[in-house]
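To keep things simple, chains are lettered A, B, C and D as they appear, and every chain counts its residues starting from 1.
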Amino acid sequence: MAEALTNTVWFLPLAPLVGFLVLVFGFDKVFDSRNSQKNVPEKRIGWLASGFVITAFVFAVLQFVALLSLDGHDRAVTKTLYSWIPVGSLKVDISFLVDPLSVTMILFITGVGALIHIYAVYYMHGDKDYRRFFSYLNLFVFSMIILVMADNLLLSFLGWEGVGVCSYFLISFWFDKRENASAGSKAFITNRVGDFGFMLAIFFTFQAFGSLGWQDISHGASSATASTVSIIVLLLMLGAAGKSAQIPLQVWLPNAMAGPTPVSALIHAATMVTAGVYLLVRVSPLLEASYDWVPQVIMWIGLVTALVAALSAMAQTDIKRVLAYSTISQLGFMFVAIGAGAPVAAIFHMITHAFFKALLFLGAGSVTHAMDGEQDINKMGGLSKHLRYTTPLFLVGWLAISGVPPFSGFWSKDEILAGVYNNNRFAYVLLLLAAGVTGFYMTRLVLKVFFGKPNYTHTPHESGKGILLPLYGLAALAIVAGILNLPFSKDLLVLEHWLEPALEGGFVKHLSFGGGTQWVLGILSIIVGGLAMFLAFRIYHSNRFGSIQKVVEHQFFYKAWHIDQALTSFVGGKGNRMFQKAADFDTKVVDGTVMGVASNTKKLGGVVRLFQTGKIRSYALWVTLGAVALLVYFLIRAL
Amino acid sequence: MEGFPILTVLIFVPLVGTAVISALPARFEKATVARNTAVGFSLVTLVLAAIVLIDFDTAIGSLQFVDRATWIAPSGIQWLVGVNGISIFMVALTAFLFPLCFIFLKQPEQNRRPYFALILMLQSGCLGAFLAQDLFLFFVFFEVVLVPMYFLIGRFGHARAKFASAKFFIFTMAGSALMLVGILAVALLTANKTGAPLTFDVESLAIADALSVAEARWVFLAFAIGFGVKVPLFPIHIWLPDAHTEAPTAGSIILAGVLLKLGTYGFLRFGIFLFPEAADFFAPVLMGLAVVGILYGAVVATMQKDLKRLVAYSSIAHLGFVVLGLFALNSQGISGAVLQMLNHGLSTGALFLLVGYLYERRHTRQISELEGIQKVAPIFAALFTVVMLSSIGLPGLNGFVGEFLILLGAFDAHRWFAVVATSGVILAAVYLLWAYKRVFHGPVEGENAKTPDLKWKERIGVGLFIVPIVLIGVYPRLLLNRIEPAVDNTIAHIQNVIGTEIDLTGEHESPHSEEGGEHR
Amino acid sequence: MSIVAVAVSPSWYLILSGVLFSIGVLGLLVRRNPLVMFMCVELMLNAVNLTFVTFAREFGHLGGQAAVLFVLTVAAAEVVVGLAILVSVLRLRPGATADDISSLKG
Amino acid sequence: METAVFIVAAIITVLSAFGVILAKNPVHSVLMLMATLFAIAVLFVAQDAHFLAAVQIIVYAGAIVVLFLFVVMLLGVDLAENLRVEPIGGQRPLAIGATVATAVLTILLIIVAASDSSKPESGDLAGITQETGNTGVANLGRVIFTDYVWAFEIIAALLTIGVIGAVLLTRRAKQQEVEEEVVEKEGGQL
């Protein structure tokens, strides 16, 4: 039974791949929305693409069922399609690993993906490049599936790069604006910096383990030297930082909001950006085998990112940018969890975050839809009167992310906080602060958008059912997802038990304190969150504490600590000049040398040419002089 | 097929085409007769190459289809052609690219007969150089290639074509002059030391391995300079951008796709195979130059204002990868390098084809004059994107497999070179994406708005490149199966020779120096 | 009289030949009339002939004399062709000197 | 006896050679050349090369010099050049220097070589007149038609080619062609 079900794993990537191919090569008559006045082909395209993703979701569920039918420790099935790159001792296969971790990932990726596809069918209505959009989306889902299902580093890297490219395509989807095009290439190139680390990690791994398979790595981790393993982990962290927008490679994500909103929701909030987290959880045994300070590095990178991004989010004025910084911050939380030895919490938060952040993004999409594309929150306000469905849905997302019980965000965030408290008290305080700031900026956003005085003249209109339907689904999930891993008793820790076999030998630190402390920590985080939200309420609703508002919305935070600016000015200024210097070196020095040799030869020829007077008598004179020289030579020899 | 000299026929079919086209009377100048003849002959070549490819025995790493005849008897020079898993793909690439150039590119307005005759002659020379297993014969073909290329660039190129073609010719000629010295040295020294009759047969020279360590190093250096110009390696690359930029599109495709491979193929087949010890000795130098080439080519490419020149510099970076892989001197490195030679031919060939199409439409290659082309020519942009991603080395497309294997091999051999070279992966994305952004993205105005999209015929032309690009990326085993035995053969030979050199260094050195004394 | 009594050694002939040759060279270098230059070439050739004959006797080998015969023939051929060239050149450009004919200037 | 003959002939040779190069009128040069050739013929006789002496007079003096004379008469009588002027800068001092150097060095070389007592072996061919007692013409003939027969044949061919060449070169082109040539030449000079 399980065997038969896991055999269907290939349909999982095949479905979106077929979707992509059909959309690319399909007949214009059936699919091209440009040539048609009616919307029928448009819907046909959208539903076709969504259908393929839903199919993938169905197969993901089948894999889940298959694993359930197996015993805990048999829950790791490898399926090989064919040998991909076999050279010498290197054997890389196209093969999938069906285990609790990959199935968890794939479930929420295809699930959320399907919902966002459906949303996009309506959201992208009227866009000229409808077909192109959905072909990219399908290709993205395909790559994402490869990324998480792959049973080795290299195949994972294929998916990793695939999602990167799709992200590039989709960010610069509306390419006739130069900023969008730039944002796309910026994302890709920044990611490539991370990929540099990833590729090096692959080389080190192959050298250390002689294989690239996840399972070989897990089993070999304990016997490898700590230094090698540490290098691999740090290099993978570089890769993960690129993809998951961690400091110092976080700069691309706010720009990535140039893409259409469904893209922001799917790729830049729910799925692709969490790939880095997935990767580090996947190699958890390596973290265990590396030096003790290596996880600490990961934790602190995550922590700094979480704080910096959260503090930037509270000053943003663009609704999508607030959410973008929020995403960076939340991803920071997940890295903190990994570094603190709580990978389950990371995955848990990844799932809940996928739900509520997708919900928030799609809600934001609905808002901008209503505002005719306006994204500046200063030009909104009082929208709750007009958007009777969107508002409560968005509020669900707000409560979830702010960590209000019993919404899902509270449980996952609390688990991370507990993990950090277990590890480092100082870090715990900082993270708690970051959680507080989260509540603050989200409250600010909600108040500015949905309440208060309207700052616009037209009448916003609520979105259609097609747009709202996926929001209901996501909202429901955002509310209840907490039950996946409730801390009240061992039996309620469903996710932890489920992931246990996949995390065997991984870097997991068990809590050194009991339920009582956990209660205290939970109440503490509720208090901090509540205070932050109350403060935000006072500032943005009651218009008090003007001075605090000034600090909060300071240019420094608005510009996200000037990190991006500094990098940009370096690349555009010094970096550009250095490159130009190299190019000048090529034309002036290298080519100059060659051309110099050539022109000197020419000059020499010009000098020699003077001897060619054309006058026979002077030639004869030269001959005579030559003869004289010969005679001198003979004479000397004869003497 | 037994006994039929298929490789000899393969080499001569295009040459017959040259003769036929040259003999066409002038009244056919205006018609497509010359072109059709060229297409016909190149297709026959393609079919023959396909037969060789199909008949090729994947299990054998040594030479197949060997055809041997005495040519210049007193010097022991033979007509000796054969194919192994490495050269077969170079032959296939050659046979594949030439008909494409005939069919999918516009023929010149004038001098059509010389144009096609020259290109066919070029094909003959390239095939001969890849198939020759006699050093002297190889040299002859290596030089034969120069002549038609010189005229192709000089007569059918762009504004500064005459200058570029002269530069190309002089550079390559200077390099190969040194190589000729090397060829004579290795043959004569071997004959002297072993007492066997003079021969230029590569395999027997390699097996004899008669040169002393010092001699082998010097001769290797001569070869390295000859091939290094052709590749081109870092400081002697400067002819390439000019030649590429000024050449007609067909010239650029062939130059990038086939001619540069003569250098890397030569390194592998003659440089490394004949002098494994010297190759090992100089490997750090050559890998260093390769790494410099990778980064330097990429950095300079970023700053180019001319799209074709940009692609030319990207070639330098790509060929840097190939050399890096070759001198890793291990299975992954060399297999990757061979694969990458093929990949570069496909992806850079396709890039040149696309840039050529763009030039036909817009009559400019200046990046600053182009913008927003994707809006009006979406198919063009889509195909360009795929080719570009292949060139960047995106997994799933061909470029990645080669680059990955090369870097893995290099990492095993000399870790730090590989680490630095990997950063070339970032730079590749920088220059290509930046160029793509400036040319295809952004608002479309003025002349750019009138750019027509690709016609069906042109789409098929690019598509023919993309099919193998995807195929190799997804299922590289098709090629690796054939490459690996030949590479293993080479590596076994290398290890054999290096092993004896190292083991017997003490005993080995003294007899050599005595022999050296006798000669003086 | 004492000089006459001294036997002629081959060196004398050779020295004479050398002097004659030098005179021919001098003429060739100094004169501009192409006809006279030709005559100077004849002088030089004769100087060489004299050397050949001298050595033929010195070494008792007739090869030297045979060579003179060949030189003579070559000289004849050279004069014929050379004068023909001169005639046609001077026909086009009457009164030209050797210096005037310099269109092969580099 | 030989000494006296040598001295007289040598003086005539040198003087008339100077005459060739110093005479202003080419006709005089030709006549001086004739005198030189005769003197050299005498020197040939003095060295027992009788046949060559005869050939020298018949072919050289009789045919070649007469040819010179014809050409001079035909074209160059008025071709008197100004010997005081030298158009090529530095040509004359260099020429005189080089010539003197040639002469001096040659003489020195001969003296040095003559003082070297070791002489090469005599040739194996019995061509020496003193031994056989005849004029050596027969021997010379035998040598030419045996040892040097190929050279002889080639020389014959050369003469023929020379004659054909001369005819071709001096052939008067048709009027039209001449004009074309002139135009080309002038055009080229512009």
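FYI, a residue touches a chain if its C-beta (ideal position, glycine included) is under 8 Å from a C-beta of that chain, and two chains touch if they have at least 3 such contacts.
No experiment lies behind these values; they were computed from the predicted model shown.
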Counting C-beta pairs in contact for A-C and for A-B, the higher total belongs to A-B
Separation of the C-alpha centres, chain A versus chain C, in whole Å, is 95
In whole angstrom, the CA-centroid distance of chain A from chain B equals 38
Chain centres from averaged Cα atoms put chain B and chain D apart, in whole Å, by 63
Between chain C and chain D, the Cα-mean centres are separated in Å by 4
So chain C residues touching two or more other chains come to 25, 29, 32, 99, 103
The positions of chain D in contact with two or more other chains are 88, 91, 95, 98-99, 102, 106
Residues of chain B that touch two or more other chains sit at none
Chain pairs that touch, by label, are A-B, A-C, A-D, C-D
Listed in rising order, chain C residues that touch chain A in their complex are 25, 28-29, 32, 37, 98-99, 101-106
The residues of chain D that touch chain C in their complex are 2-4, 6-7, 10, 13-14, 17-18, 20-21, 26, 29-30, 33, 36-37, 40, 43-44, 46-49, 51-52, 55-56, 59-60, 63-64, 67-68, 71-72, 74-76, 78-81, 83, 86-88, 91-92, 95-96, 98-100, 102-103, 106-107, 110-111, 114, 120, 122-123, 125, 127-128, 136, 139-140, 143-144, 147-148, 151-152, 155, 158-159, 161-163, 165-167, 169-170, 181-182, 185, 188-189
As the complex stands, chain A meets chain D at residues 613, 615, 617-618, 621, 624-625, 627-628, 631-632, 634-635, 638-639
In the complex, the residues of chain A that touch chain C are 609, 611-617, 620-621, 624
Residue positions on chain B within touch of chain A in the complex are 167, 235, 237-239, 296, 299-300, 302-304, 330-332, 335-336, 372, 374-375, 378, 389, 394-396, 400-401, 404-405, 407-408, 411-412, 418-419, 422-423, 425-426, 429-430, 433-434, 436-437, 440-444, 475-477, 480, 484
